[in-house]
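One chain, chain A, appears in both complexes that follow, with chain B as partner in the first and chain C in the second.
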Partner chain A sequence: MATPDEKKIKADKRLREIMTEYYIEAKTPKEQTGKKIAWITSGGPVEPLHAMDVIPIYPENYGAMCGAAKMSTELCEKAEEMGYSSDLCSYARGDIASAAVNGGPIGGLPEPDMLICCNNICGTVLKWYQVLARYFDVPLFVLDTPVCHTGYEKETDIYVRHQIGEYVAFLEAVCGRSFDYDRMDEVGTLSVKAQKLWQKVLDTTVNKPAPMTCFDAFFHLAMIVTLRGTQTAVDYYELLLEEMNDRICKGISKVEPERYRLIWDNLPVWYKMRWFSDKFGAHNAGFVADTYTSGWCGTLPYLDENDFLGSMAESYTRIFLNTGIDHMADNIVKMVEKYDADGVVFHSNRSCKPYSFGQYDIQRIVGEKTGTPCLMIEADMCDERKFSETQVETRIDAFIEML
Partner chain B sequence: MKDVLDRFEEVAENPQTCAFEWKKETGRPVVGTFCSYAPEEIIYAAGALPYRMLGTGGAKGYSDAYLQSYCCSVVKNTLDDLLSGELDFLDGAVFPHTCDSVQRLSDIFRLNMKNSFHLDAVLPAKLDTPSAAHYMKSVLERLAGDLEERLDTRVTKQDLTDAVLVFNRIRNGLRTLADAGMDNRINITAGELHTISRGVTAMDPAEAADLLDRLCTFIQPKAEPGSGPSKRIGLTGSVCGVPSVYETIEQAGGRVVLDDFCTTERYTDFAVDESADPLPAIAARYLKKADCPCKHSSLYSRGERIVEKAEKRGVKGVIFLLLKFCDPHAFDYPYIRDMLELKGIKSMVFELDDEQSVHAQFRTRCEAFMEML
Partner chain C sequence: MITAGIDIGSTTAKGAILKDGHIEAVTVMSTGYDPKGAAETVFQTLLEKAGLDRKDLEAVVSTGYGRKNVGFAGRSVTEITCHAAGARLLSPTAATIVDIGGQDSKVIVLDSTGKVADFTMNDKCAAGTGRFLEVMASALQIDLASLAEFSARADATVAISSVCTVFAESEVISLISKGEKRENIIAGIHAAIGSRIVSMAGRVKARPPYIMTGGVALNRGVVRVLEERFQSDVTVPELAQVNGAVGAALIAADRNG
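Right, the complex of A and B next:
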């Protein structure tokens, strides 16, 4: 048995340092850094921002921070006072309120010079960023990525490619200088490198026992989302991968003994991460993979590292959330096989309709194709008022008995 | 006039039966559609009846095994209709891309429809750039080709032109009647206008156009004297599945003079250019018509339009009738409320869930709102 200290992932410390540095730079007055700030959606193309030396800020990442710090519910209530329905996405409510009152663990995000919204993750971000654009009165660029229900159509490719050109022109206009294509090539190479490393990190859990769980992945995800396209992210994931391989050699895992291997679907319940980890851990069940964190390396097959800009249209449009539910089900079926999972837990997330609606059909498909037991838990990623601990606990206990 | 109104009411109350009857009589296919961006002209040009699925309601419960409780009633009711077999008469369905819920409803339909085809028309969310305009046209061209294949027919330019003329007549008729009704130039209430607009969604378009033409002959050149000191009210939201709200507003002392739903004013807004090539002209209309909050054109376009219409029609108060769990409208509510307030127009928001909950609560809220105006 590994000691609690051995179980801890050492790279955590480095990640915290990098993220602190990142937020310190972002919150440093712009006159000192000389850099512009863009707020961007989690599925948005960040690489051109790095190529233009613009600091990308992710309200969704901050939403996760607020959720984990249990500060979201108060912000959500503030948004509701402003007139936003309590049924709206809790990231959006939290962010809209945070902008108005400088709330959350770091006292609000630095004000944006521009907003970049890509609707490949949902239509909610479009509405959310419209609210932000009215509030901050800064330019908004919308990258419209049509849903690929059954495939990627020719006209979609033409449309999104055209918009990549419009995105570059938008950045040139806001930044007041020409786009640096050479720098873009470097950033593109680094982005592909980081995504491949992230995939390798996630693949280490194929090992039995898995060296980490998805609750660790939810934490280490921060870098691939925010700093994808930088050397920092590449260096960090090399470090993390090395540590994971070392844990495999030493047989260190988070769940000991690892009796059940599970898969998580949807975003985490940020304010209950430890609770879920302990609850399942007590049954010797560990989450060895999830559909969420793999979303940031899932379109590698469509990326061309020698022509990153040219392949961005397809890779950003074909992310799994922007596909049909049968395709999403197949993704889970493959995961069950790859990670040799014993069960799938679906988080029915009141805040995320495109991720949650269709889960019943997905559950049926996964059950039919793999015979794996599935559990559906209703919660919300950030709004604690929508979580019933006793109800969820009972369902988890019943599910474990089925395994 | 009464026989015409009765016919619209008959279809509005039994849309499925009427569409099925039409199919039996004509031997032609019926294609289900969703939302006001569904290109009905193309479906009609392909020889089919475009049938707008709005969910007949009644909380059948079939959809509970497919969709969570936090899904809006229009989406759940429509899926209920499919799963209960009530939509078995459909030969196919066309889903234009609108909101996140409809995006997934489309997937669920595709996986659960029996013996009928399913098509997605993934229209752009952006409406304000030349590349989006080009894409819009491409999607409609693809849809026309797909429909030709599924319905084993040819859609000629003449078919499209003929369809455009019919739907322009329908929208023009609805618009003319609404304007006349609001000016007291015809004895039609807002509730009746709502029923007419519902009837249009499941009726042979040629019949609908003829009936609307007939109704328009009853329009007087001059306004009748007003029927009392009613307070002029605007309504806005996605769709309204509870026709009794009009009566409730009237009983509370209000009169609806702005009816901004996607089956009413947002549906009738803007005609397709009849002199242009029909398919690009249909695409062009979608870029210009009153936009749905799922679309992106300008940051203030919806608010500006509602304020302008409200001012023009002397609206004293606007009621936001928002469907529970309808995110796009809920996001727009605070800024449009603020824009109205700047012009001195009061507003209230009411969340529509199921039909049962509406009656008593809405009446009380409505009465309090009228007193405030």
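Right, the complex of A and C next:
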């Protein structure tokens, strides 16, 4: 049995430091840093921003921080007071409200000079970013990525590649200087490196027992989302990977003994992470993989290091959330096999429609193809009012009794 | 071996004592605001009915929403698993259990050995639960127990389109003011519950033979609707309301056995 101290992941501390530095720089007056700020959607192409020395800010990452700090519900209520529907994604509600009242753990995000919105994750972001563009009165760039159910059409590629060119022109106009293609190549290489490392980190849980759970992955994800394309992210994931391999050698895991290996689908329930982890942990069940965190390295096969900018079209269009139900189900089926999972837990997330809409069908397909028991839990990633603890608890207990 | 099962639901508290697989005593009372107290009273009543003493019992298992409030139980097991176990004794041939209680409804599918193969529960919404019927009965100013009688006299089924209990209540009130017959409205309410259950059942591939348990099983109107929608008999075991408690007592015996 590992001691509680041994169980702790040491790299956590480094991640906190980096994220703090990142937000401090972002919140430092622009006159001092000389850097512009772009707000960007979680699935948006961030690399060109790094190439132009623009600081990318992710409202969704901040949404997760607000959720984990249990500050989202209040912001959601504020947004509803402003006239937004309670059915709107809680990231969108939280962000719009936080912009108005400087809310959340760091007292609001630094104001943007531009907005980058890619609709490969959902349609909500379009309207959300339009609202922000009006509110801050800053230019908005929209990258439109058609849904690709299973394959990827030539027309789609032409259409999205063309927009990448427009993206570059947009950045040149807002930053007032020409695009640095050499720097872009370097950033692209670093991005691919970081994504490969992140995939390797996630792969370490194939080991029995798994050196970490998806609740750790949800946390360590912050860097691949915000800082991919930088040396910082590469160095960090090298450190984390080394620690994971070390844990494997020493047989250290979060859940001891690891009786059940589970897979999580959808975003985490940020304000209940600890509760879920303890609840399943008490049954000796650990989440060894999830569909969410792998979203930031799932399109590696489509990236061409020698033509990063061009291949961004395909890799950003084909992300998990922009594909059809068959493809999503197939992804989980493969995960069940790869990680040798005993069950799949689906978080039916009131906020995220594209993620939750087809879940009943996906559950059925996964059940049929793998024979693995599946559980559906209703909640919301940030809005605590959509979570009923006793109901969820009964489902979890019954699910484990069934395994 | 003598064991007990205590099922603390949101509306009623139930209990059963089993001796070597035979039911010695069962009881049902309202949970009220104090689940701990209700558990204690249920236990006392059971012991009196069975003419036993606490120390005669070898194991106690608690279940239901208040399962963690039963201090004297050796362990707690969810009502899903307990209902499956109860059905093995009360209706051994059942393949699907429809359980509608005070604040939730579930469809439990059993495998060939009577174990839980899959289950589904209603979401946070109260539609399709006992509470839904309570709210409707009070809007219509009739006794909960007479809903079935009323719906049996319906000559048409009024469509209730809202899935939300609160909205459905105002819909019912506006139907009354439009002069719709109470009987027909109640038939519509039962049909609405039936639809919810049928869609839940579809998700877990429910199959006959069906049994129904929980407090709402006492309402023949709902049972009839389910029979029509499933196109199959839906049996209500004589001890439907205490099925979960019986299951808990069986599980208690299993651990020791």
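Quick notes on this structure:
One rule holds in what follows: the second predicted complex is superposed on the first by the 403 of 403 C-alpha atoms of A that agree within 3 Å, B and C clash if a C-alpha of one lies under 4 Å from a C-alpha of the other, contacts with A are read in each partner's own complex, and residues count from 1 in each chain.
Everything below uses one rule, namely that a contact is a pair of C-beta atoms (placed from the backbone, for glycine too) under 8 Å apart; a residue touches a chain by one contact, two chains touch by 3 or more.
This is a predicted model, so every value here is computed, not measured.
In the superposition on chain A, A:360 makes contact with both chain B and chain C. Using the contact criterion defined above for the overlaid structures, shared-chain residue A:136 touches neither chain B nor chain C, since it reaches no partner. With both structures placed on the common chain, the touch criterion links A:390 to chain C but leaves chain B unconnected.
Residue contacts after overlaying the shared chain place A:275 against neither chain B nor chain C. When the two complexes are overlaid on their common chain A, residue A:302 makes contact with neither chain B nor chain C.
Of the two partner chains placed by the overlay, neither chain B nor chain C lies in contact with A:152.
Set side by side, chain B and chain C differ in how many residues of chain A they touch, and the one touching more is B. In the superposition on chain A, contact of A:373 is made with chain C only, not with chain B. Once chain A of one complex is fitted onto chain A of the other, the partner contacts of A:179 are absent, as it touches neither chain B nor chain C. On chain A, the patch touched by chain B and the patch touched by chain C overlap at residues 348, 360, 378.
Contacts from chain A toward chain B in the complex involve residues 82-85, 87-89, 92, 119, 122-124, 126-128, 130-131, 133-134, 140, 142, 144, 146-147, 149-150, 153, 155-156, 158-159, 162-163, 166, 324-326, 348, 350, 353-354, 356-361, 378.
By the touch criterion stated above, chain C contacts chain A in their complex at residues 65, 77-81, 104, 115-121, 123-124, 203.
Within the complex, the chain A residues that touch chain C are 348, 360, 364, 367, 373, 376, 378, 386, 388, 390-391, 394-395, 397-398, 401-402. On the chain B side of its complex with chain A, the touching residues are 65-68, 70-71, 97, 99-101, 103-108, 110-112, 120, 122, 124-126, 129, 131-132, 134-135, 138-139, 142, 293-294, 296, 299-300, 322, 324-325, 327-328, 330-335, 337, 349, 351.
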